[in-house]
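Chain nomenclature is as follows: A, B, C, D, E and F, assigned in order of appearance, with residue numbering initiated at 1 for each chain independently.
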Amino acid sequence: MKNKLSIPKNQLKDIIDLALSEDSGKGDITSELLIPAGQQAKADFTAKADGVLAGIDIVGLIFARVDPAIEFKIHLEDGTQLKSGDIIASVTGNARSILKTERLALNFLQRLSGIATQTKQYIDLVKDLPVIILDTRKTTPGLRLLEKYAVRMGGGQNHRRNLSDGILIKDNHLAALRARGMTLEQIVARAKSRAPKKFKVEVETASLKEVEEAVSAGADIIMFDNMGPSQICRALQKIPAGIKTEASGSITLENVRAIAETGVDYISIGALTHSPKALDISLEFRS
Amino acid sequence: MKNKLSIPKNQLKDIIDLALSEDSGKGDITSELLIPAGQQAKADFTAKADGVLAGIDIVGLIFARVDPAIEFKIHLEDGTQLKSGDIIASVTGNARSILKTERLALNFLQRLSGIATQTKQYIDLVKDLPVIILDTRKTTPGLRLLEKYAVRMGGGQNHRRNLSDGILIKDNHLAALRARGMTLEQIVARAKSRAPKKFKVEVETASLKEVEEAVSAGADIIMFDNMGPSQICRALQKIPAGIKTEASGSITLENVRAIAETGVDYISIGALTHSPKALDISLEFRS
Amino acid sequence: MKNKLSIPKNQLKDIIDLALSEDSGKGDITSELLIPAGQQAKADFTAKADGVLAGIDIVGLIFARVDPAIEFKIHLEDGTQLKSGDIIASVTGNARSILKTERLALNFLQRLSGIATQTKQYIDLVKDLPVIILDTRKTTPGLRLLEKYAVRMGGGQNHRRNLSDGILIKDNHLAALRARGMTLEQIVARAKSRAPKKFKVEVETASLKEVEEAVSAGADIIMFDNMGPSQICRALQKIPAGIKTEASGSITLENVRAIAETGVDYISIGALTHSPKALDISLEFRS
Amino acid sequence: MKNKLSIPKNQLKDIIDLALSEDSGKGDITSELLIPAGQQAKADFTAKADGVLAGIDIVGLIFARVDPAIEFKIHLEDGTQLKSGDIIASVTGNARSILKTERLALNFLQRLSGIATQTKQYIDLVKDLPVIILDTRKTTPGLRLLEKYAVRMGGGQNHRRNLSDGILIKDNHLAALRARGMTLEQIVARAKSRAPKKFKVEVETASLKEVEEAVSAGADIIMFDNMGPSQICRALQKIPAGIKTEASGSITLENVRAIAETGVDYISIGALTHSPKALDISLEFRS
Amino acid sequence: MKNKLSIPKNQLKDIIDLALSEDSGKGDITSELLIPAGQQAKADFTAKADGVLAGIDIVGLIFARVDPAIEFKIHLEDGTQLKSGDIIASVTGNARSILKTERLALNFLQRLSGIATQTKQYIDLVKDLPVIILDTRKTTPGLRLLEKYAVRMGGGQNHRRNLSDGILIKDNHLAALRARGMTLEQIVARAKSRAPKKFKVEVETASLKEVEEAVSAGADIIMFDNMGPSQICRALQKIPAGIKTEASGSITLENVRAIAETGVDYISIGALTHSPKALDISLEFRS
Amino acid sequence: MKNKLSIPKNQLKDIIDLALSEDSGKGDITSELLIPAGQQAKADFTAKADGVLAGIDIVGLIFARVDPAIEFKIHLEDGTQLKSGDIIASVTGNARSILKTERLALNFLQRLSGIATQTKQYIDLVKDLPVIILDTRKTTPGLRLLEKYAVRMGGGQNHRRNLSDGILIKDNHLAALRARGMTLEQIVARAKSRAPKKFKVEVETASLKEVEEAVSAGADIIMFDNMGPSQICRALQKIPAGIKTEASGSITLENVRAIAETGVDYISIGALTHSPKALDISLEFRS
């Protein structure tokens, strides 16, 4: 299913190990001093705010990596709309193991659920319109696949996963080639002629004139960079049916509705991943 | 110098490689189609908003990792208060290399500068008071040392780097031991008696009664978890000179001043790293 | 010159006579009682508020009609931007004649200047955009040519002067023909085929589907009836270059800018003439 | 009945013919091109906003003038408080005739109902006080009798219909006679002595001193020109019982209540007719 | 001079002695324990807020009463508009004497200056109008003459000093006599006929009908009890020149202007003395 | 009972006589002119606003003093929470006697009930906290015992009644002794050593340093003069258990809650008695 997390096992193991290593240092001295080595405990992951859940499977993998004897039971699936107070998952096993894993598990879970929650807020504002909300490549280094998964959990879709995933001619490509005397129209035309058939050619534009050149050159997708609703409105009048359009840059919860109402096909939002707000989730020992 | 980035070279190399790998896939097909392999370019990192710079050295390391022939020139040091429009650094070299590195470099730089900027906002609100602003372990998995470095650039200080870095008895330690019939006072006393001399014992408290027990047991540092200014005010009256105090939980730009005015020694703020807001910085080719 | 008042002399005389007759009744008994028949006077028309002047030539015609011996001197031309306090014109002659004409002269002048002033307010809000502001047929019975002239003085342009002035297929035409089984597309196509070459065919539409039918049928001008900016924005994307567009219905000073920003060619505003606000102008005897 | 429209038949015919002529030009080319000459239609006049109805009888006269074969059926009488959605009247007959008459009928009906509606707003604000709301001679040239009728429909009363209808000594009469060395007191006294018994003498005043002179001279009615509530309050203290008083000038919905509370007998409001706001009423073909 | 304090010496001595006695009890034990009997000191009375000074002469009398050897030097006279920081008076002498007198001196000075200050606020709001602001008999028991003096310092005037000072027929007089079958008109007429010539007869009224009766009966002054501006406005129209009028009851800083604008002669305000706000003035030892 | 009024009979008689004398002058000429000497009347004291009753017993004493034959019946006790409209007490007897006493009775009753009402407003804001609200010596000269009684009726407690009632070392004591080279610590120590055992020593402080000195010297009570909540919060941390604390100066309804939340033991408020607001109570003759 397209909404499932598909991330190479090794890569996930690498990031978990890196995170465990940076959190553990020479060991959890507090627990070692206080908690008997054999003590057992039960604890629950509980939502402390409303939001959308993402990352609970990762949490299971982290516990398994730290202590395979721990029993991890998921009560709510990723993508669930959480109410404050909902119990998401439970963990049973060695108390020292749970304590050692607690912070790391929450760091993943709160971050990914925060991204899903924020994505959902954008989706809710435009859900009666045919627009699609996309993420960008502005992700946390090392966590891209997880963060793009969280965007999907919130109802968004993913833009290019990486640089080999599509042709997107951006401002600096244009600058480099204009320095060689080429027009935007010539640049796009060259990309069209050279690109393998299966690749769509997308080009970033910043003015009505560039939009017209992109249309002439046969661009498959035209991105409007940092244009407001009224400029996008006029740009769309220059673009024949069949060419897809994307708004990007400076999109906020305040203006996403007005931009979507222009009829643009996609809106891509860097803030989904570059400025997330963690969702408050706790892990608490049960007595 | 304490404010310098000290991160093991291998660890930094690992995270850079991981990030480069997840962004490159099978190669940057856009540049390969359009940009001649030998084309040279110059580009500037420019602030698009006011804030505090952090991470520009990392950017240099990333370019060096991708293409050692690239010349990278830093104009402004980490910790600089940026004005929108300031040119931070310049890069000269192979155009394809610059384009391939652009997004990753900005992802690091915008995120770390965002953390430094937000930290500075908290610092500015309490700068006439003797309180110290701390970060927490609520960092992005894999980026902890970098994010804690960004907090320092913004004027904050670092709490425990990892679990071996200090003794902090938190709610779940207390829950595990109370289940065995111990009081908070007994738990702290045990930690004091068992801990090596060089370690301070810090304990999380959630009520005036727990504060009194912590004092009786000889805690070195007492953390107030999710207490408001008036509750902290009363708690401080129970605590003799010589014991340090820390407020934690639900700290915001709106309440940090009132909390600092109680006279608490430290305020630790998870949002510095778990809910950052990227600082807008661009990389633009110069014509 | 297109901005000059061109109204058949007889027609103007008729409306002036009608107005004089309804104001005079059996004579101005106040003046006849008090003012000596031969007394001379001088009086000034003075602006009591800021606005745009329209109708001062009419005022001259009215005085001439009442008493050809009166000397009427115009200081400011129609179309002038008035400041409160500006002296617009002066009149010298028989005091009874001036008193008898005063109210009627002001009724024309205040009303027409009010229309010009309000038109200018709309114009000022969109003056950097290529849109044209039009009036409608929603004029005062008997004063249409004068009111349309006032709109021009305020910077607007005139829509159809009367029913023989162009082909505009409105909702009731459509209703009457749909009752006979015709589609909007068929109706417009019939108008196009039957109309003399020199006439453009304009059609009123209320949905995107009707817009598409109008385009298919070859309409020359498409009117959007009571559509908001975002609906207009989408409609414009369906319309090829060469077809003119007009927004109409529920236009206010609050929304005219957003509608103009969609790129529509014309905006027609009934309120210019159906809901004017008189401009405060006085006629005061000079001592 | 005093509230009925009494307007000489010829005069009404004249204004209808003038308006028909200015709207028809050389004929309704749209209808002639599209609508079969013999097609029948039914249509309803429907309120699109709340307000007070005025002018529906005129509408009947207009249809009768254009096409005596049209059947016109009135459902709601003039003076009715309309709710948006109310069906006011229905018309059945030749479709071309209805289309040709539509705009003119609505121009009368919306304008007169707008005047009645606005008058009612003033009335509602003072209805518990014994004050009477009056119109002025600031009417549309040619439409005075109709507009004064609309004021009555809204609950107002009519001031002088024309210059022979009463003696009102205004600022310019005073100016003309002061130039001859007369005082306000002498001017009013002269009017009193010369006027036929049946005429009341009203005089406009602008200061407490003028009020006192008017009282001394025996004025029957004293008008306060552009005075605020506190100045009117003091003026009324100078005026013995038996003399009527009238406030005039700069009356708005915001200040009419405070002015009425002073105990003044009449308030005359030019804006009722010089700055109306059309009431939204539609004519729609029934399918 | 009318604005000077005229209060019988004995009466002033009595109130000072009473106040000294209630403050001293068996002696100032704090000073006796700590301050050497012969220690000298200097201290300044200083304004800590803006306001109007009243009572500084009383302060001199109090010091003289406690210790005739104390030197008291006045720098600013009663009635002075104080700015925060102004030094009002200085005192030099035995430290114990000054300390013992401090509180009592300030209690008089702050209270009387508070009354003067508040009176001035009312005066300032109506100073361009010919109205006179009066106090009432709603004073502190024992302090009436001092408080009425403070009202004069703030710019007010004094109403009746006591019950023998004028004839004021209030609601309860009316109630007692109406119970015997008399009308207001009869009651006032009786007072007029019986009262010595030098006394004006004032009567309290609560409706327009009572106002008319009071006029008929020949009242010299008519008080409007708890009437708003519009009711007063109408009442004044019933009252011929020569009768004075007074508004009383529920007067505040918010409505005093509107009431004064009606043209009433006097406004009496109980709050001047029944709800004062002390002016902040300190007495501080100079080092 | 501690809440009862205990004031020496002679003292109360003195203040009543003084007040009667200043209100009567040479007699109540209005009543003497109009009201038959033998007329009887009944009247009720009625609350005209919500508040707390204080002083009704005094009212009884005043009537008894003026006319022992008057029957005075109390319906509601001091300390009752009044609703507007409540009948508090009734009086029956000679009409002239009642009229003569009316104003004085209300002056006492409105003032004392005003103080009780305002005290209750402070109490209500902190009633869930263990703080005690106190009055001060800032009372009306001559009325101290009555005003302190009213504070008790509102739920407050009384601070020192007079200078012999406790040891309170204030700013001027400190200034006088510092001028002799003593520190605050030495001054307090001297007071402690010299004071009789039964007296607590209270000292006013204005800085954290003075607080520390007061603690060292063994003060029993420490007053914080004009400190805000955050400064008090820090001061309380310097003060060991067993020493009482009091906040004083600039306390308002707006800040009393924040000050009480610091955990201070007492809050003393001068405004309770130096800036009262009379409670509206009437005396009305019954028909």
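Keep in mind that, in the parts below, contacts are C-beta pairs under 8 Å (C-beta built on N, C-alpha and C of every residue); 3 or more make two chains touch, one makes a residue touch a chain.
Small disclaimer: the values here were computed from a predicted structure and weren't measured.
Contacts with chain E and chain F are shared by no chain at all. Ranking all chains by how far their C-alpha centres lie from the centre of chain B, first place goes to D.
As for how the two copies chain B and chain F face one another, over half of their interface residue numbers coincide. Each chain gets a centre from the mean of its Cα atoms; the one farthest from the centre of chain A is E.
Put simply, the C-alpha centre of chain D and that of chain E have 56 angstrom between them.
Rounded to a whole number, the gap between the C-alpha centres of chain C and chain E is 66 angstrom. Shown for chain F are the residues that touch two or more other chains, of which there are none. Arrangement of the chains shown, judged by which pairs touch: one closed cycle in which each chain has exactly two touching partners.
Following the touch contacts around the ring from chain E toward chain F yields the chain order E, F, B, A, C, D. Chain C contributes residues 229-230, 233-234, 236-237, 239, 258, 261-263 to its touches with chain A in the complex. Of all the residues in chain C, the ones that touch chain D in their complex are 11, 14-16, 18-19, 22-31, 33-35, 39, 41, 43, 95, 98-100, 102-104, 106-108, 110-111, 114, 137-145, 161-173, 175-180, 187, 190-191, 194-195, 199, 270-271, 274-278, 283-285, 287.
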